[in-house]
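Notes to accompany the following structure.
Lettered A, B, C and D in written order, each chain numbered from 1.
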Amino acid sequence: MLNLIQDTIVHAEPQTLGAASQGAGHAHGQTDWSVAAIVALPLLACVLTGLCAALRVKSKLPAWLTVASLAGAFALTAKTFAAHFMGAESHAFVVHVFDWVTFSWAADVHAQGPQTNELVANFAFYLDSLSALWMLFVTGLATLIALYASEYMSHDQGPGYCRFFAAFSLFVFSMACLVMADNLLLLYLGWEGVGLCSYLLIGYFYKKPSAVAAAKKAFIINRIGDLFLAMGVMLIFVQFGTVEYSVLFEKAKPYIELARAGNFAQIPFVVKLIPCLLMGGAFGKSAQLPLYVWLPDAMEGPTPVSALIHAATMVTAGVFLIARTYPLFLLSEVALPAVAWVGALTALLSATIGMAQFDIKRIMAYSTVSQLGYMFCGLAVLSPSGGVFHVVTHAFFKALLFLCCGAVMHGFAGQLDLRKLSGVMKMPGWRVVGFGMLIGCLNLAGFPLTAGYFSKDMILAEAFVTPGTAVIGWILLLTAGLTAYYTFRVFFRVFVGPVAYEMGDEHHGADHGHDHEHGHGQGHGHAKDHGGGDGGHHQPHAPGWAINTVLATLAVLSLAATGLYFVGGDHGAVARLVDQSSAGFHSPLAHHESGAGQAPDHGAAAGAGRASGHAVVSYVPEFVRARAHQGEVHAGTFFGADPHKAMYFVSAGVGAVGIFVAFWLHLAGRKTAAASRADALLPALGPLPGWAQGKWYVDEFYDFLVRKPLWVLSHILYLIDSYLVDGLVDFVGAAPKAAGKVIRPSQSGELHGYALGMAGGAVILIVIVALVAT
Amino acid sequence: MLLMAAILIPLVSAVLIALAPEARAKTIALLGTLTQLVVACYAATVFDWSFSSRAQLGMSLAWFEGLGVNLSLGADGVSMVLILLTGLLGPVCVLASSTAITTRVRTYYAWLVVLQAAMAGVFAARDVILFYICFEFTLIPMFILISLWGSTNRRRAAIKFFLFTFTGSVVALAGLVYVTWFNATLDRASVPAVILSQHELLGTWTFDVSTLITAGQLMSAGEQAWVLLALMAGFAVKVPLFPVHTWLPLAHTEAPTAGSVILAGVLLKLGTYAIYRFALPMVPEAVATYAPHLSMLCVVGIIYGGLICWVQTDVKKLVAYSSVAHLGFCMLGMFALNNTGITGSILYMVNHGLSTGALFLLIGMIYERYHTRDMNQLGGLAAKMPVWATFMVFFTMASVGLPGLNGFVSEFLCLLGAFQASSSWGSGAWGSDIEPVAAATPGALGPWFAMIAGTGMIIAAMYLLYMVGKVVWGPLKTPHGHSAGHAEHSGHGASHGSGGHGTEDEHAHGLPTDLSGREIATLVPLAVLCVVLGVYPKPLMQAVQGSVDQTVAVVRTPLRSQGATPAPARHAPQPTNPAKTHGEGAQ
Amino acid sequence: MSLMAVLAQAGSPAPMAASTLAHYLLVSALLLVIGLIGFVTRRNLIIMFLCTELMFQAAGLAAVAFGRYHLNLTGQTLVIFILTVAAAEAAMALALVVLLFRRKESLNAEEWQDLKG
Amino acid sequence: MTERLAFLYPEIVLFVATCVVMVLGLSKSLRARKSSAVVAGLSVLVAGFLAVVSTPRASGDASCPLSGVVFSHAMTPEMGQVLLPELAPYAKAVIALVGALLLLPLAGTVDRSDEAKIASGRAGFDPLRSNRAEFYAFYLFSLTGLMLCASADDLIWLFLALELTSLPTYIMVAISTSRNRSREAGVKYFFLGALGAAVFLYGFALVYGGTGTTNLNAIAHSISTGGLNTITLLGMVVSILGLCFKIAAAPMHFYTPDVYEGAAPQVSGFLAFVPKTAGFIAILLLCAAVGWGYSHAESGVGSLLHAVSADPLVQGTGKRLPYLLWLMIWVIAALTMTIGNVLALLQRSVKRMLAYSSIAHSGYMLVGVLAGPGDSASTSGVSAVLFYLLAYGVMNAGTFAVLAALERGTDAEGERIEVETLDDLRGLCASHPLLGWTMVVCSLSLLGLPPLLGFFGKLPLFTSGIAAGQITLVVVLGLNSAIAAFYYLRLAFTPLLESRDEGTPAPVLAPFRSRAAGAVIAAVGVLVLSAVGGWAMGHAFDAAKVSGAAAVTAEGH
């Protein structure tokens, strides 16, 4: 694997991303090594931890190896970022490491028109502002979470520990490939690679059948999305003859021009199909309708995994994919509306489920699904910078939330039921966790002036600005309220209020530091209930320094992320970075004239463009063009006001209502951990809470609709194979024997019979032959 | 001579094994197969890869001169690659058998190495009859391996295996002989001089492969269709394609581990190789016409085989059926008839050999320990055999087609090939009337084939993870009646595995709880290759590229369509001219 | 094609009327068929053998008739040899029948059907 | 006229040897009696040698370097049949070689108990009771007849030769063991054989009637100049039907399993080669007289059978037997191989299985007869048949010799018990490795498994069949090979793979070393011919030269 670095070649290929950046993208000799090392370091960590497993290392060495190499990767990323993407201008560049699926063939002499006779998909890394940004938070968070996990997983020191960190590092490697790939095939490698790591880490407690099932489910459902992605990649290759971004965008340019001119009718169907297929992949990986069902189950994995993979990084790969191939999404008039609707519905649906759950980790999982919906909406309402900004802020605060939940889980022996925990913040040693949780919750709820508030606002505002997406905006607004409610439901139930708790049924907490393999999840013969507050021989144990450090860092970072909105451009540094990349309207890709730096100013234009009442959003091409040219055509309004400004107040208000409801229902007057005022309200809502708690029975529905029929079909096919297909073979095989049995009586052993046979046979033969011949 | 050596060395070692004492058999077999591997590797270095479409390292000896049968050997890029695969699996199989085979050891190893020779012969043959001889002769060692060292139902499996494939290939022989006769009756005057100069034996009675390939292209469309039917009757069974696959699960299930490995690793590739070598270039028009129908069978096989895997309880049967699905991918790529597809298909041959072969090895290791392959009796072995579990997950992922491992490259290329090969790309049916689609190739498959076959990727994940989930993960469950909880205490890992009574039976056959060094040694080469071919498949793709280019060119523009000879005239067959040997001379 | 024309084709002069030849041949064919039917219907080994003799003689008769028709001696030569061979066969047949009779005290062919299948 | 005798030197040698053997067998001296077999064997080999070196050749440059050394005569139509002018040397050499091979297991067939009694002093030598010499004499007579077939140029000659071949075998069967089964086999063989002989004799008479001559050359000339008239055609049809008895083809095949099962295995092996070879030579001669130059497009028959039997790809190559004859042989071939194989599938008795397989092999060879001559070994069906006779003779001799070499003790009446069913062969490779492996090699060869001799026997049948446009029939042949694989596999692998049941005694070696030697020699022969059979095939091709019917000058009788 180390050849990977040695093989690094400076691939000084001019980047032809557009007129503006023409010739500016020469690779920088210094960075090439370091870019390759960003990818190689996690892989190195993976190999080394694997070696640790082989050498039966029982110390925390694997964790330190991982943390060190991830930190190194982060440092290199930061260095690269600082070198190339801090300024107002940024230039994408490609670092070629070695050839992968790259081969050419003899040209077809009979083909007409331009023919592609090579497939180029190298291990080459494409760094632009988008991938650099993504890598920055991926490696940064990974380092922190690895540090967290070094303590969190310490009960499992030994092979399991190595396994954890090997998969963890492998995940970062795959994620780096995904993000930094210079072609779709390498992206696909990362795409499936993170899927594998997700599989391995969800199934980390492999003795627990539920964990195994969840892992399997995650992998298979992701594969469904992967198939769409693969088809999309193939279609791109067939249509454009390449899978490399730089060439691809160049080749797609004519179509982008057509789309910009509103001539969707002239864009071939094949081309319009591409974003629809890519979308399928994104929905799978990012847990959107209809493929979201795997993510909540993925919480079977250790909490650091949930934080890193299933909240902060991997699940945002779908957002990344769309952002990366954003120009292609503009080619179809249905692609972005579809994304918008899927995102909005997912956000709403999972928020309603999240409201009714009691497992705090699951609540966070549904919230992740919901927030991912937000991000997709951001992309779809023509605000990729909003979507990406939300990805970044969400990465920090959701990781923080998960890690806090993890700390609780760790300390309370796997207890996650919010009805059995209360007032944790007041317990000794839990202050950091509590404040961390609070900060995370404020972010998630969109409390004014937090990072989450600004990123959410960007999306909401754009939803109202963009013509025809107001319905999406309303849905998202409603979701924002629900989000605030369920977020603070957790906080008010678990962290404040009277101190009461019940320990979970996992004893790893008490056995902390014990040399014990595979502690999780198994009924180790301990009784299920350990009594309420006393906890038997189990006492909650507060997190140690590593966890606290990480939580504090993350809390600070998620607050600091607010700053990204205020530095480096009108909508913040993230917006600038996005705009400079393939996802930006102001990137050289999107138009000819360079419009860098300036955000459009959508004045209070007439509301004529509002396509209200339309179930399907239709993009007005002029609007797209306007976004790029700072025109002011048909921008939507929020009751006549500029949505950007109105949203500051509206969303803050909605959030506040949600928090207040949560406060009134779950904290005010609550005496015990279990009972709350909300319980009294439940009967009034009829069966709805039950259905929401049952996740709207989507899993059961899928099971009934897809899995069961397939299972029955498989059995039928097996029967067909065994009895019909093979039966036919056996029948044919038995035919000669059967024929033999039929004519065997002719060999009666009787002389006369034989004579008769001879004579008769001869006569019959002669007669037949004579008849035929005449 | 090198190729001859690669065939003769195993034969010689078979004789030595037969003469040597029982205890030495394994060593001689190992040395013999290793030598074969070394010779194959050396041949690969001598081989001029820049002309990989050309048969090299050739040699020719007269055998049945009157019949035109020669001992004529030579290898192009594809053959060379498959010979290397054969060579690699030989020592692996010998190593894998060392504890599993305890009875009639000499017989076992002797036949095993004979099988190696026959398989190398198939790939190296440049004479149709020699090819057929080796193709058929593989049946005998395999038959014996299955019927002597197989499981309970072995006799039936062996007979079925033999008769099914034998029946098919006899018909294929008829097809090949028909082409031979067609060539013999070809009027040389009607063949363009350019072609004649390349193939001196056109119009004479010869079994020379390259001559017959050229001659076959001159056949009328009707003749080609019949010949294709005959060839497929033989080769599709061996692959196996969908309706004629039923011998495979049975044979796999009953065969001893090494037998399964060779069966999956190389024997099935004889069919795909034969289709590549003969069906495609010899009857290109018919192949082009019937590619959609054949591909349909592939697609059905992919989904049908995959779904059946999903409901298996016998691990080995599951992997066996997965071969049906996997080879469906392989053949789909082949019938895409474009470079991506066929390259993918050839890579698939190698990759399937590695990953599925390794899966059979792993299952064999479990079977040796627990004497069952029933997934209901096995579970959670990760706890007891972490090394084994690691390999199992690794090779499962290779088999699933995880990018970065070998399976992905070939599977993707096969699907891409099928995806590209649609005649409707350029016709506006896909709306691509603005400018020609860049990487479309003529063909009759297209996105739907790829899409439906692509669901096979999902199904593959379903059944393979189902298997892994049952056997590797989950609560520990082993046969012989000890409960999971019980075993958990006794078998807490390899380090102190000898304590509990869960390990008594393992000691009985001298195997450690987890894998022994020997077993790891059999797996590591395969694992390394899986990674290398997944990360850096370029050498392999380049190795076969010349040959594939040539085949694709033939399929695209068969000789008959080149205008020179609308309908070649026939004349009385020429007498055989044994003095002439091959156009492609010996080095 | 009529028999006449057939024989004319053979290039022989026809001093023997074709119709006469036809009669001979008819008798010969009858002999053959009678022999055959006798062989199939009778159970006594000796009679069965005589039936084969009858068939031999049918051939002989045809040969003589043809010989006369073609005006050459080949037919008669053939008959001489047929008679010789028939005599040899008769000797063998009797020897065999005696051998069999010794074993089972019967000349019934149906006694001998142990071998079958 | 004396030149013409050169054709018959081998037969003369055999006849003289026959007389000598008969006399030797009556000697009181055990050594003299024993020498009778040696004399028989040597005479066969000498006859074969003479056939090669002394037979006049139509072409001066016969491929054997020794030919013409002894007598360098060029053959003329007066001297011999010129339809298959080169047939005799090859055929006789094959007959001699295989005949000698078949002699080895015949040791002790009829005289074992007598000699045992004499040796133990329980009885003195009684010339009247001694039948050893007769047995070898019959063997030599039969081979003489067979060789005469190969040089026959006249229907009468052919008839006598065929009878000379067959008559001794009837007795050999009947006396081969002292069991009732042999008697039964003898009587069936004899009576049905007489019936068959009557049929082809009648056919010969008709051919004579149609052409006015019994000389084969003249018949060919008559047909080529005057056309094939109905009587001749009918005669041919009836003759070939009658000859089907000799080759054990449907519908004349019924006797085969019973006779082979009833006779001692070594005699069955003899039967599988000698009458079959005689029959095929006769059929080839008759077909050569008719010629393969007919085109079926002229027959204008569009019946169903034609549609089935005509190949879909090639129409009217103009290289076939007359349609009627072609169709009949086609049907016979297809029926014969199918019936033989499907019935063989059901057998447990090895000899019976081999008998049915012998039927099937005749069916295969008939494909070569249909294919007719060609200009290379690969396209000449005649050459394919001739080579297949050699191949079949060797591998078949091997299997029967194994059976002959083994016995399972003696029964209550002192009669030895033969190896009967497949079960008796279990574990043979372990108990008698050489015999076991002989069985394996010969069975696999009979199956036609490449690269053994049987495959190279079948391959020219395949190629010539396809070259003659008989693709459907070739596919039928192929599928039949596959059916046959089932029972040949059992036969090959029962000795190798199965192990003997506890308690059943292993078969023991019969006390005649030559029997086992014969088996092993046959196996070695199979292997050697697999490697260098191309040489023999070259001779088969030389022997298969068919002079065009038109080339036969009229010389009449």
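The definition used in the following text is that a residue touches a chain if its C-beta (ideal position, glycine included) is under 8 Å from a C-beta of that chain, and two chains touch if they have at least 3 such contacts.
This is a predicted model, so every value here is computed, not measured.
Each of C-D and A-D has its own count of C-beta contacts, and the greater count is at C-D. Taking the mean of each chain's C-alpha atoms as its centre, the chain lying closest to the overall protein C-alpha centroid is B.
Taking each chain's centre as the mean of its C-alpha atoms, chain C lies 26 Å from chain D.
Centre to centre, using the average C-alpha position, chain A and chain D are separated by 78 Å.
In whole angstrom, the spacing between the mean C-alpha positions of chain B and chain D is 43. Chain geometry summary: the mean Cα position of chain A and that of chain C are 96 Å apart. Contact of a single residue of chain A with at least two other chains is seen at positions 744, 747, 749, 751, 755, 759.
Each of the following residues of chain D touches two or more other chains: 187-188, 191, 195, 199, 257-258, 346, 486. Of all residues in chain B, those touching 2 or more other chains are 163, listed in ascending order. The list of touching chain pairs reads A-B, A-C, A-D, B-D, C-D. On chain B, the positions that touch chain A within their shared complex are 160, 163-164, 243-247, 304, 307-308, 310-312, 339-340, 343, 380, 382-383, 386, 393, 397, 402-404, 408-409, 412-413, 415-416, 419-420, 425-426, 430-442, 447, 450-451, 454-455, 457-458, 461-462, 465-466, 469, 472-476, 485, 488, 492-493, 495, 535-538, 541-542, 545, 548-549, 552-553, 556-557. By the touch rule above, chain A contacts chain C in their complex via residues 744, 747-752, 755-756, 759. Listing the residues of chain D that touch chain B in their complex gives 312-313, 374-379, 383, 444, 449-451, 455-456, 459-460, 462-463, 466-467, 471, 474-475, 478-479, 481-482, 485-486, 489, 493, 496-497, 531, 533-534, 537-538, 540-541.
Contact residues of chain D toward chain C in the complex are 155-156, 159-160, 163, 167, 170-171, 174, 180-181, 183-188, 190-191, 194-195, 197-199, 201-202, 204-206, 208-214, 222, 226-227, 229-232, 257-258, 261-262, 346-347, 352, 557. On the chain D side of its complex with chain A, the touching residues are 187-188, 191-192, 195-196, 199, 237-238, 241, 245, 250-252, 254-255, 257-258, 299, 301, 303, 305-306, 323-324, 327-328, 331-332, 338-339, 341-346, 483, 486.
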